[in-house]
Amino acid sequence: MPGPLPDLVLTWQLDGLGAFFAALIAVVSGLAAVYAVGHRSHGPGFRGSGLLFALFVLSMVAVVLAADAFSFLAAWETMSLASFGLVLTDHRRSDVRRSAWMYVVMTHTATAFIVVAFLTLARATGSLSFADWSARSSGLDATTASLVFVLGLLGFGTKAGMIPLHVWLPRAHPVAPSHVSAVMSGVMIKLGIYGLVRLTFDWLAAGPAWWGSLVLILGAASAVLGVLYALMEHDLKRLLAYHSVENIGIILLGLGTAIVGRSLGLPGIVALGLTAALFHVANHATFKALLFLGAGAIDGAVGTRDIERLGGLIRRMPGTAICFLIGSAAISALPPLNGFASEWLTFQALLSLGRSGVNAATALLPLLAGGALALTGALALACFVKAFGVSFLALPRSPRAAAAHDASVLELVPMATLAAACVALGVGASPTVALIGALVPSATLGGGLALGPFDTSSGRLALPGIALALACVGGLAAAAPRLLGRVSTRVGETWACGVTLHPIHGYTSTAFAKPIRLMFRGIVRPVRDVEIVRRAGTRFAASIRYRAQVAPVFERYVYRAVTETLVLGAHLVRRAQNGSLQTYLAYLFVALLATLVLAR
Amino acid sequence: MIDATTVVDALAVALLAAALASVAMRGLVAGVWLLVVQSTLLALVAATIAVASGVGHMWAAAGLTLAVRAIAVPAVLFLVLGRVALRREMRPILTTRVALLAGVGLTLVAFSAAGRLELSAAYPAPRALPVSLSLTFIGVLLMATRRKAISQLIGLITVENGIFLSGLIATLGLPLFVEIGIFFDLLVAVGVTAVLTMRINEHFDTVNTDALRRLRG
Amino acid sequence: MSLSPLVLAMPVAAAALCAVAGRRAALVSVVASLVTSALTLAVAFDSFVGPPRRALGGLVYVDALSGLVLMLVGLVSAMAALYSFPYMRNAVASGEIAERELPSFHVWLQLSIGAMLAVPLMNNLGLMWVAIETTTLFTVLLVAFVRRGHALEAAWKYFMLGAVGLGFALFGLLLTYYAASHGLVDAAGALDWDELRAHAASLDPDLMRVSFVLILIGFGTKAGLAPMHTWLPDAHGQAPTPVSVLLSGALLNCALYGILRFHLLAAGSVGSAFSSDLLVWFGTLSIVVAVPFVLVQHDLKRLLAYSSVEHMGIVALAVGIGGPLALFAAAFHMFNHAIAKTTLFVAAGAIGQRYGTQRLAHLRGAFELAPLPALGLVLGTLAITGVPPFAPFTSEFGVARAGFAGRPAALAGAIVLVAGTALIFGGMLFHVLNVAFRPAPRHSHQAPFRFASVFLGAPLATLLVMGIWLPPLLREGFAAAASVLGVAP
Amino acid sequence: MSEAWTVAGSAIAQLVLFVALAPGVNGVVKRMKAALQGRNGPPILQPYFDLMKLLRKDTVVSEHASAITRWAPIVYASAFATAALLVPALWWPAPLGGWGDAIAIVGLFALARVALALAGLDAGSAFGGMGSSREVAVAALAEPALLLALLAVGWRTGGTDISSAGLWVNDHAAAVLAPSQLLALVAMFVAVIAETGRVPADNPDTHLELTMIHEGMLIEYSGRPLGVLVWATLVKQLTLFSLLIALFVPFGMARAALDAPLAIAAFGAKLLLLAAVMAVVESASAKLRILKLPELLGAASALAVLALVAELVVG
């Protein structure tokens, strides 16, 4: 298709990598659309929002189909723009407007970086076509390649929500309608990963090892900090958004391993790391979409996303509860679900990279990353025990929570499907991974994956077996005691030191996270304010309010710092336009003289 | 030929003197009279060249100069001056002495700049082009350092004069129809500014451009 | 036979008619402008596909570049005249303008249009200068048409800076004429474009250097290139909105056209590096200068005006970069900017009249009180700030691509272009989002806005389509204009 | 086919072994502690009596409890029991070693932890919530320590597959005293203490709100489910002990039926030794404040990393 500029042709092409992402987009968006129909009744919408959603999905597909820089950028920005419009759905609220603006500005700036990266490649290769780039990638000199890599990492990293460029993510995802957040978090940010994979494996030749190491470090940081900030949240959707940051970090760990492997010329490790990354992409798409849809169902039923106001929902919304529980288990990497499978692969990738024994530096970093990954897993577990336990268990903490009803069928079906997918991708991990392995390297590595990734040189995992064992032993544990005769079960009160149990006795999210908040206070910088109102003349408190939140370090030092500097500078420059004709004439005259003198 | 050149040079120097004088003087009426002087000198230049070269349309140029620059324009300006009761340029941005120094400085710049141009072939007066350039510069200086709308007009017309002078001496004037167009424009321009000045005066009860500094940023 | 003389005659006749038509002046003016724009399109399309045409005994010369500018002036002026219809009615209703003044408004409007149409048609560069000067004179009257202090102030600065700038331009013109009349045989045709172009190589380089600098500064003032742009936000911000449309969409292009012609001459005589580099530097500077004023701004129309400064800079940069791609993109971008800016000003004008102010602090909730203009404002902003798939992105992409492929100066310019547009995007969108969506202070009736499909729908749709696909004719036209601009190495 | 039968057989055998042995090990530890503290303490078989009693008792469940409370014990037990089958104890290789490695073990522990933590929150009492909150917080630090230690070991011994790692050590007896191995051992030992909820990380014998972690989550349980939970916890402890043994002193494990007596003797001896060490540590140290735990476990992680560095430097 001839483009709107001379020597510009819009080219589209689907390869293995693209097909993989396209499939994800199709599945998740389809389910989200079904959910949206069921969710119509609550939440604000606007005329044409359906159309915009369709445009959003189409543009995402177009991104993975694009085969030249211009088509890619056009699709990419359309995607950002459509999602921006959808985030803006509830535009009467100022926080929504601010978040949406922040999102679109950051993503547009990121695109600027991508544009520069692309044009630098075009300058070096003399072409805009991706095919030419990969064909001529070996011709690039090292500095150019590194420049392009860094620019691309900034650009795609922002879209992916990589720390410290994640600032927009926990603001934009919560304010969007839930099915949109599901797609944004489940699929859209993955296109940042898609770009990184293309950049590092398709468009650029193998670079120096620090590329991968940088990605590893950023990945580890994103994973740990993401989950820590998630733990500090009690807005359900913000919590989930921070988990997207965490999971992007995990994906980056796999990707970084693959990149280092490529630099060191270790195809086995490249295959392992890339598979781990892409498999986690798929898995995160399933369970994060599921969780966002669940959060939407809760929001619709209770009218708030504040965990503190929920509680006891498992009895009132059993369907949502089961789906959300499965999703939580999957994202906390519990066997035999899919989250565990991909994190296992990531561990193996890191370990084998470390053991490839090139030198101490390349060996130690992956191991530390492994430690970070372990920490992340454990913290994620804590976070979802909190998220599920505090919102679904114990007693309802607000009248609306007490009166909640389960989601409609059209909302439940997509959730159930995704939950089933979490189990299937876990138990069926090896065939899935084999499929990915068959798809992807053909596009990126040239050769096929060298090994069945679940039987690596350094470890083995058979989740079907684990699942089987769990089932059998579980049955045993349930049955065996009966040999000792039957016992009766009596229903009684919960022990609350003799007073009758009140909802406020149950642990709140803030309380639940407190030990971790204190253990990691060096990082999350918690601030607390306690205000005690005493009864007149007594020492007895009439009311005690305790609020704890964490300092928004990145917003303050990354985002706000930049914007404030810009605005300050603008204020200074604007003095030049001082309204005086004489000054303006002086500008004109000086410009003339300067040009006359300087221009030669 | 030679004498024509010397005459033109002499007139040019006189023009420069007149321009510098209008930098030095702060009375508005005097300023307008100095414009009349400038324009008359220009007309004389045109006439001299007409005599020397015998190019017919230079006579037209001379006539137009006299009519438009020396008579019509000053007339309009006096009209405006009559409307807005105002006689002196108060508190110019530069004191007279500094302004004069600046004027001289700009003249030097003009000479050096024009010196870079190969005008040896210029007919008939090589030394007049730098003068015209410095007239232009001085005009801008006037506009940039005076606060009253009228004095800025005076500066603007000085600029025009400088350009016109260069036109005369360097190229025997532009093709006639272009010339006429330019004169027409000058006339309309002065008319428009007169209208504007009077509107400003009736709206702000002053032609002090300090009042015109509301639009910023 | 050529239609170009009609194009020249039409507005003058219309002005005369308006003068006598009394209350029907508006109608006359609208109809006339529609006819004029139809004529311009005919002439332009003819010039796109055919060879350069002459008319009126060599007085008029039309090649693809003239055709492009002619087309833009025609389209924009028609829009302006059309929009002046509802706008002026509201203005009269709000007592801003007395009913009896309307005819004179349309007279000045038509005369300005006529002057602008003359600019690209004149074969003689001297007359081109006269035409540009004339546009100043008439548009000044239009800017000051509403007798508010701010409008007078804006008009005054506009006139003064414009006059000085054009004075310098005239000086440059003289030098060119001097060089020509000594390099060529006959002095009579020594300002005719075709003659000059033919003998460009034999013009004295030193003279042409100084001449081009003077022209660049002079016409650059009118074209709103930094740092001579200072009058522009005042004039565009204070003029009645239809006039703002005319200034931003048509007049700036005319002034730029003047620079381009002399750029070709200078390039021919001095070699392309000199004038191209100057264009790159001034273009880049304009982009940079626009940024802070967009980031922090208090007035909606000033916001749009500064964006015009940016986009004139982009076009200058593109021409400076040179090469088929960049020049094509330059032509394309002139078109995009004219269309998008027209839409934006119309939307801004509608909103401004609805609220009786342009202060961004007071504009809020437009999405409820004036839905269509608000939507047009948001979409138009996205378009003008270079967001795909709107056409401005395409043209800017072309410029950046060419810049990245080009010499160091071009590369620097392209990087500034990418960075600057990104920043300006953030700034403009911030203000516009607040205007559109910040909850309205008090709930009152919606202002009816008719012909939205004409003023907002059609232009935006055009930009949307042209972001991906160019109509063959326009592609031809841009390519032809680019080839006119192509300087011989 | 026959291979499948051997896997099943050995799995069942090891399951029975662990379930049967687990309470006894705890009894031994208790007895040793008592001896160290100059008491004569409960009989070694006391845990069996307690468990039998619990399993025969009627149960009371909270009116607010949901299905979570009912299912948690079963998931808890099955996760630990499955983990137990991934560790070689008496013979090579581990029964289900082909299905899961060290990471799988950690994952299964996490599964059990989630089940119990949710159960703790289920009834809506403050104690349960407190227990869960502290449990996950401690685990957040213990798990990385454990995993890093495992990686540090697997690093030299060829990966996360426990049987092969153990075999490697078995074949390189000299490596036992390598600095990296010793550092890893210490790191892992600390992690095990935390995981088994022993002093100084937690006190298995307390019911004092302010100090308890594990017991807090159990507080709403009674009768048979409680019995299952307690037993499963003991199995977990034994699993961890045998993990230590298999990775650091795997000598004497059976490769064929003939080695069985030796293997049993060796395993028993090593368990006794480990129990003794535990008893000494528990008697010698006081329980740490929960906010002091990060330092202990951080130190463990640091040791694990150090082990790695030693591995890289010393080789």
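Here the chain labels run A, B, C and D in written order, and each chain numbers its own residues starting at 1.
Simple rule for what comes next: contacts are C-beta pairs under 8 Å (C-beta built on N, C-alpha and C of every residue); 3 or more make two chains touch, one makes a residue touch a chain.
Bear in mind the structure is a predicted one, so any value in this text is a computation, not a measurement.
A.B. asks: Specify the chain most distant from subunit B by Cα centroid.
C.D. replies: Relative to subunit B, the chain whose C-alpha centre sits farthest away is D.
A.B. asks: Roughly how many whole angstrom separate the Cα centroids of subunit A and subunit C?
C.D. replies: 45
A.B. asks: Distance from the CA centroid of subunit B to that of subunit C, rounded to the nearest Å?
C.D. replies: 31
A.B. asks: Just how far, in Å, is the C-alpha centre of subunit D from the one of subunit B?
C.D. replies: Between these chains, centre-to-centre, one finds 100 Å.
A.B. asks: Report, in whole Å, the distance between the mean C-alpha point of subunit A and the mean C-alpha point of subunit B.
C.D. replies: Chain centres of subunit A and subunit B, defined by C-alpha means, are spaced 70 Å apart.
A.B. asks: At least two partner chains per residue is the criterion; list those residues in subunit C.
C.D. replies: Counting only residues that touch two or more other chains, subunit C contributes 156-157, 160, 164, 168, 210, 233, 293, 296.
A.B. asks: Which subunit B residues sit where two or more other chains touch them?
C.D. replies: Subunit B, residues with two or more chain partners: 113, 140, 143, 152, 209, 212-215, 217.
A.B. asks: Tell me, which residues of subunit A touch at least two other chains?
C.D. replies: Correct list: 574, 577, 581, 585, 588, 596.
A.B. asks: Can you name every pair of chains that touch?
C.D. replies: Every pair of chains in contact is listed here: A-B, A-C, A-D, B-C.
A.B. asks: Spell out the part of subunit B that touches subunit A in their complex, as residue ranges.
C.D. replies: Residue positions touching the partner: 93, 109, 113, 137, 140, 143-145, 147, 152, 209, 212-217.
A.B. asks: Which positions of subunit A touch subunit C when the two form their complex?
C.D. replies: For subunit A paired with subunit C, touching residues are 3-8, 10, 70, 73-74, 76-78, 81, 88, 91-92, 94, 97, 100-101, 104-105, 108-109, 111-112, 115-116, 119-120, 122-123, 126, 128, 566-567, 569-574, 577, 581, 583-585, 587-588, 590-592, 595-596, 599-600.
A.B. asks: What does subunit C use to touch subunit A in their complex?
C.D. replies: It is residues 156-157, 160-161, 164-165, 168, 209-210, 213-214, 216-217, 221, 227-228, 230-231, 233, 274, 277-278, 289, 291-293, 295-296, 324-325, 328-329, 332, 367, 382, 387-389, 391, 393-395, 397-398, 400-401, 404-405, 411, 414-415, 418-419, 421-423, 425-426, 429-430, 433-434, 437-439, 466-470, 479 of subunit C that touch subunit A.
A.B. asks: Show me the residue ranges of subunit B that touch subunit C in the complex, using the header's touch definition.
C.D. replies: On the subunit B side, the touching residues are 113, 116-118, 121-122, 133, 136, 139-140, 143, 149, 152, 156, 159-160, 163, 166-167, 170-172, 174-175, 177-178, 181-182, 184-185, 188-189, 192-193, 195-196, 199-200, 203-204, 209, 211-215, 217.
A.B. asks: Give the list of subunit A residues in touch with subunit B in this complex.
C.D. replies: My answer: residues 574, 577-582, 585-586, 588-589, 593, 596.
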